[in-house]
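Both of the next two complexes hold chain A, though its partner changes from chain B to chain C.
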Partner chain A sequence: MSELRINLTKGISLFKYNKKAFIGFIIILFYVLMAIFGRYIVPLSLESNFSERYLAPSLKHPFGTDYFGIDIFAQIVNGARTVIGLSMTSSFFAVLIGTILGILRGYLTGKIGQLVDAIISIFLVIPSFPALLIMAAIFADSNLNMVQISLIVALWLWAPLAKQVSAQVMSIKSKEFIEASKMLNMPLYYIVFKDIFPLVAPYILVNFAMQLKGAMEFTIGLMFLGLAKFDSTHWGIMLNYALYQAGALYTPRAFHYPFFIILNIILLIYGGIIFAQGLEETFNPKLRGHE
Partner chain B sequence: MKKTLIKIFVLFMSLTLIFSSFNFSFAATKKTSDLKLASDWPYPFHGNPFGPGAVGGAWWFVYEPFAYYIPQTGQYIPRLAEKWTINGSKLTVYLRKNAKWSDGRAFTAQDVVNTVAFIQAMWQWPYEIQTVRAINPNTVEFTLWKDAPTSFMHTILTDGAMGSLVPYHVYSKWYGQARQVAELGKKIFYDTQSGKTVSDETKKQYEKLSSALRDQVNKFSPYKTLKRMPVVGAYEPTKIIQSEMVLSKNKYHWLANKNTTERVVFRRWSSNEFVWASLVSGELDAAHPNMPKDVVEQLKFINPNLNVKTVSDLSEIALIFNFNNKLFKDLNLRKAIAYVIDKNKVKDVSVWQANPAGQYYTGVLSSMQSKWVNSATLSKMTKYTTSAASAENILKKAGYTKKDNQWYTPSNEPVEFVLSVYGPHNDWVLAAREVVQQLNKFGFKVEMKLIPDGMRDQVMRSGEYECAIEFGSAWWGYPHPMTGYARLYQWDIANITAFPSKEKFNTPWGEYSPFDLVEELRVNINNSKKATEIIQKLAYITNEYLPVVPLFEKVLPIYYSSARLTGWPSAQDGRWSLAPGGIERLYNLLITEGVLKAK
Partner chain C sequence: MKFILNRLIYLLFVLFIAISGIFFLINKMPGDPAYGLAVSISQQRNMDINKALEIAHQMMGIDTGEPLFIRYVKFLNQFIRGNIGYSTYYQTTVNEIVAKSLPWTLLVVFISILISFIIGVYLGAFSAQKRGRAVDISISFVSSIIQAIPPFVLAVLILFVGAIKLRIIPLGGAYPVDMEPSLSMDFIISVIKHAIGPIVAISIPQIAVWTLAMRGNTPQIMEEDYIRFAMIRGVKDSTIARKYIRNNAILPLVASLAIAFGYMLGGNTLVESIFNYPGIGFYFGKAIALRDYGLLTGLFSLIVVGVIIATFLAEIIYSLIDPRVKVK
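After this line comes the complex of A and B, so read on.
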């Protein structure tokens, strides 16, 4: 416990010196706050007004209006809850499954190790879209909640991470300090969680941020397959409308429509990436060479 | 060294740019007698109409019907047939004597007999044709089954599959088998229809024969085996790759001398955006993608040669209800929904070029309403102008209550339901989004659910929906109100919604069942006075009892370029109405008759 407190204190103090981590943290915090409180501050009216479509950004409509004549800013703010909620939960599950199975595969040998490897390989090669179609057929009538949907998304995201983590663990487990732990008869959980996990943790954090994009894409797929509740303010759905239904790329006066949606998606993912990179720099002794 | 490399790179890039621009300007100015379109086709191409994907967009260029029918003028344009006569249930078709397959063989009545046997065997349709026989090489006689509607004569004459799908000289080795399967299939069908029991042994025998035939015919690829696909149509597929399908002129076609277009070139319709871009760049001469209003304006600005003509697609998009759900059994709720929905807004965001649904929901397409429903009948009907107040009055009178912007039924249950919509149909999704928004604003709790790709039929037929966006009345096949009413009260819509169409409904003329009225209309289809009387009753029932709530009449926007071609019909020309259900028919008619040609 005291060790954790020391680590946290160390992290927070280093946070001050790591601009990347700080900026990333601020961006993520901004979107999380937007997801929690946004809808109470910026009311949303989804009433379409075709004559007011593609209005340029103004004080009344900070991001302009979309193809339906609806305020884009209000949709971005109100859609943040679904985006952040689904993407982060899905990424969390993907990282959790990928990390556990990746470490197991990397550390364990023999038949169990091979079995885990086979599971990872199977999930790596299953084409996700046909599999989602089958799942859509199976769960067509189920009212899935956010956790269930996130688990479905995570099912198709965890395998590459598991493969990469297992490779990292394989290289770490032959290090002297692991051998030392083994010679001291330290239990398996100690070796896995105390010796190995801290070394792959930054890598996992970076992966978590990278998974956000994939999770967002999958969520849109699920909505279009009827598996997830359709939310027209989900940023992915908004972007789909802009590009494929409204043809905003072919209309100069609609430039702002996809622009602001893409900007927010990029910002969220970028925030996640630099936060993860910052943390890696903070916790990884090799990258903290300046100290 | 570095500098030299950079110089070489810059030189290489400059040369590439110069040559590609030469190539581009050459391609742009080169005069060809091609018609460039966009479509889909199976790849690898097999040339077998029964194989997966059939022949794709080449259909109307390679197969010819006996005649084309122009819905706007009611005129038949003879194609494979020179003329025809109708005598009771017999249709005699006199084939064009100078019609030939593209390999030079004569097209005869035996080809028609062969085709009917094959389609009945492979598609289990059309059993409405009881017999077909060759009177002589140029005359073929169809006899309709006793219960077949007389309107089926129209289908025989105009369906592209009926005459020239299966050349006898190519498929003759399976003719005997096909005939056997078709005869047995018809026997089972007629027995079933007349309430007789079909023995399991007969069914098993049919399955055995049918699957043996299918196995052989489905595998056959004329394009691979014969290295060509003999066709009776004006064009034969000659070069097919993944991205492009080229059809070359059939020199034996009876209109070959008039036709100056040597090739029809299809680009793969990979996405609407690809088609938009191809129209702008002049890579396509015509296409019919759905296009948002602003994109159309931009495209016309960039490419002033681009014109647009919209024609009715002979169908309406509607809100349909599952009548097994007790919520929708209440006419008051359906009427309230009809009043709440602002159809113009739905049309604007969904398909801006569509024809408005109008204020009466008669089951007759709105663009055809004035022709079929008289003003006296309309004056007896409810007029559905968008009015939340009218909807509220209806609901309150029926005992519905509203608390905290949520409506409750007389039994105090919230009015909540899910609106299902087929995901791949973008315009339907946009319409559903708007409908959901409007109904929620009024105080119903409505959620939208997308039906995944390929699952529409399954969801609709199994009734796993509460309310959905679907085609309502549709006049496909035989463009007449009877077709639309049959769809609403006897066929697809009646089946998937479980609307009680056999029940009697009150009308100013007495009590009638719409199911029986459709039957009566079918019998009296050629008696225009009687038919009009029946249509008034059906229109009244449809408007007052709302089996569906129409949102808009679907249109087909045809974008065509006059940059390379001349001879496009004027906006008022009736031939445009040939496009719904097979737009290539229109192009084929225009180029084979030498009307549309290269400048």
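After this line comes the complex of A and C, so read on.
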């Protein structure tokens, strides 16, 4: 338990000496706040106003307007909700599946361990994005909600994490204090949750941040292809509109439309990447002197 | 030899699982996979939907009276003979679609990987050499930003800037419709012009990946005993940097190269769709949009086969580079 506490205090003081993690955290926090409060501050009106079609960015419309004369900034702010929601839930599920199967694989020996290992290897080899597209296509007409879509996305994200976690667990389980717990006849859940879990916990946190990149790419890709639709302001769907709606491809002055969507996608993913890098630099056992 | 055989059997097993998985996933779905084809037949020939459904089943080789398991065995049998399915939308075999689309995908993937690998390795090695200096910091910074750009998002940007604003690249296709494929200079130039969008969209994020991988690999190698020994022997610094460090840092990347190649076969669905570039990914995207499950199954199987061959090659390369792998 003390290990976990050390990790937590490290986590809090981490921002003091890791700039990357700090900046990444601020970027993610910014979008999370946008997702939670954005729609109250910047209300979205989806009423078409053709006299304001494809207006360039101005004070009134910071990101300009789209084909229907709707403010793009308001759409981005309101879309953050589903973008953040989907990618966070997908990452969460991916980390959950990956951690459970990874610990199982690392700790168990014998037939069950081999079975889990086989499952992990199969998911590692099958190309995830095409597989995800097929599943999404099959379920596309059945109006999935956010949790269901996240589960489908997570199904194709968890495998690399499970493999890494199992490697970590395998190196931990031969340590003396585990042997001691075993000799004291501690139950399995105690060994897994009190002895092993605190040691892999920072690792899992780093991976949650890393999964965000994959989760965002996957969900935005799905939305872009129109395979999951429940919010027209999701950035993936906006990007689709920017490209294909009403001859946008032949309208050079509409460039600001895709540009601002792309800018926000990249900034959010970048935030996730440097947050993960910063965390890793802080928690990496090699740099920290774990033994 | 035993190691190679073991891996081969294992990967064939994974292939079997993947193909079976997709077969059952599609066939256990609610609805009839032949329904889409039946609708288009009944509209074209103005006939009853039930009769069209019957024709559709015949065309796709589905006997609805047959139990699922028999159909599965038939599917596997056809697959082993190299017949990977029938496209209901294009009304032709998937093999034929693969034959006309695979060359374009291979062209784009091959050039992209070559360009990005060479540039990435050089940038990474250079960056590692200047570790901590301004050049290194800016290379890492730019690489990690580029890493954050999904290829298809970059594709949208390139399409807008290149094809719509500046009008220097075409809006789609692999070559102009009014041109006959030939070995003439004009044709080759227009093929390159059409391929440039997808190539740039795929290469730029890849360059960042290789740069960071190479930069990350290098310090580990600098710690090796043979580097220290070479220094003690008085080998010139530049020789150590080039021959000892760079060459050894590239080795592990070569195996990743094979894997990257495999995954790119299917990973470019969005990029090829955005550029309307008629490769495997483009038809995969079409199959998804049209719910053409025959084409979908066939192309997915092909992609899995590609990935498995690539993984197998990578494992052989790994075992050649690092004999310790075999023991495990």
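Definition applied: the second predicted complex is superposed on the first by the 166 of 291 C-alpha atoms of A that agree within 3 Å, B and C clash if a C-alpha of one lies under 4 Å from a C-alpha of the other, contacts with A are read in each partner's own complex, and residues count from 1 in each chain.
The rule we apply is simple: a contact is a pair of C-beta atoms (placed from the backbone, for glycine too) under 8 Å apart; a residue touches a chain by one contact, two chains touch by 3 or more.
Predicted model, so just to flag it, every value in this text is computed and none were measured.
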{"item": "First (chain B), second (chain C), both or neither touched by A:V116", "value": "neither"}
{"item": "Which of chain B and chain C A:S48 touches, first, second, both or neither", "value": "first"}
{"item": "Chain C versus chain B, contacts on chain A by residue", "value": "C"}
{"item": "Partner chain in contact with A:Y250 - chain B first, chain C second, else both or neither", "value": "both"}
{"item": "Chain B versus chain C as contact partner of A:Y270, first or second or both or neither", "value": "second"}
{"item": "First (chain B), second (chain C), both or neither touched by A:L225", "value": "both"}
{"item": "Which superposed partner A:I72 touches (first chain B, second chain C, both, neither)", "value": "neither"}
{"item": "Which of chain B and chain C A:P130 touches, first, second, both or neither", "value": "second"}
{"item": "Partner chain(s) touched by A:I138 [first = chain B, second = chain C, both, neither]", "value": "second"}
{"item": "Overlap of the chain B and chain C footprints on chain A, listed as residue numbers", "value": "133, 136-137, 224-226, 243, 249-252"}
{"item": "Chain C to chain A touching residues, read off their complex", "value": "10-11, 14, 17-18, 22, 25-26, 29, 144-145, 147-150, 152-153, 156-157, 159-161, 163-165, 171, 262-263, 265-267, 269-270, 273-274, 284-285, 288-289, 291, 296, 300, 303-304, 307-308, 311"}
{"item": "In the complex, chain A residues that touch chain B", "value": "46-48, 50, 53-54, 67-68, 133, 136-137, 140-141, 223-226, 229-230, 232, 243-247, 249-254"}
{"item": "Chain B to chain A touching residues, read off their complex", "value": "271-273, 276, 291-292, 294-295, 298-299, 345, 348-349, 352, 420, 423, 426, 429-430, 433-434, 437, 441, 447-455, 459, 464"}
{"item": "Residues of chain A that touch chain C when the two form their complex", "value": "121-122, 125-127, 129-131, 133-138, 213, 216-217, 220-221, 224-227, 239, 242-243, 249-252, 255, 258-259, 262, 265-267, 269-270, 272-274, 277"}
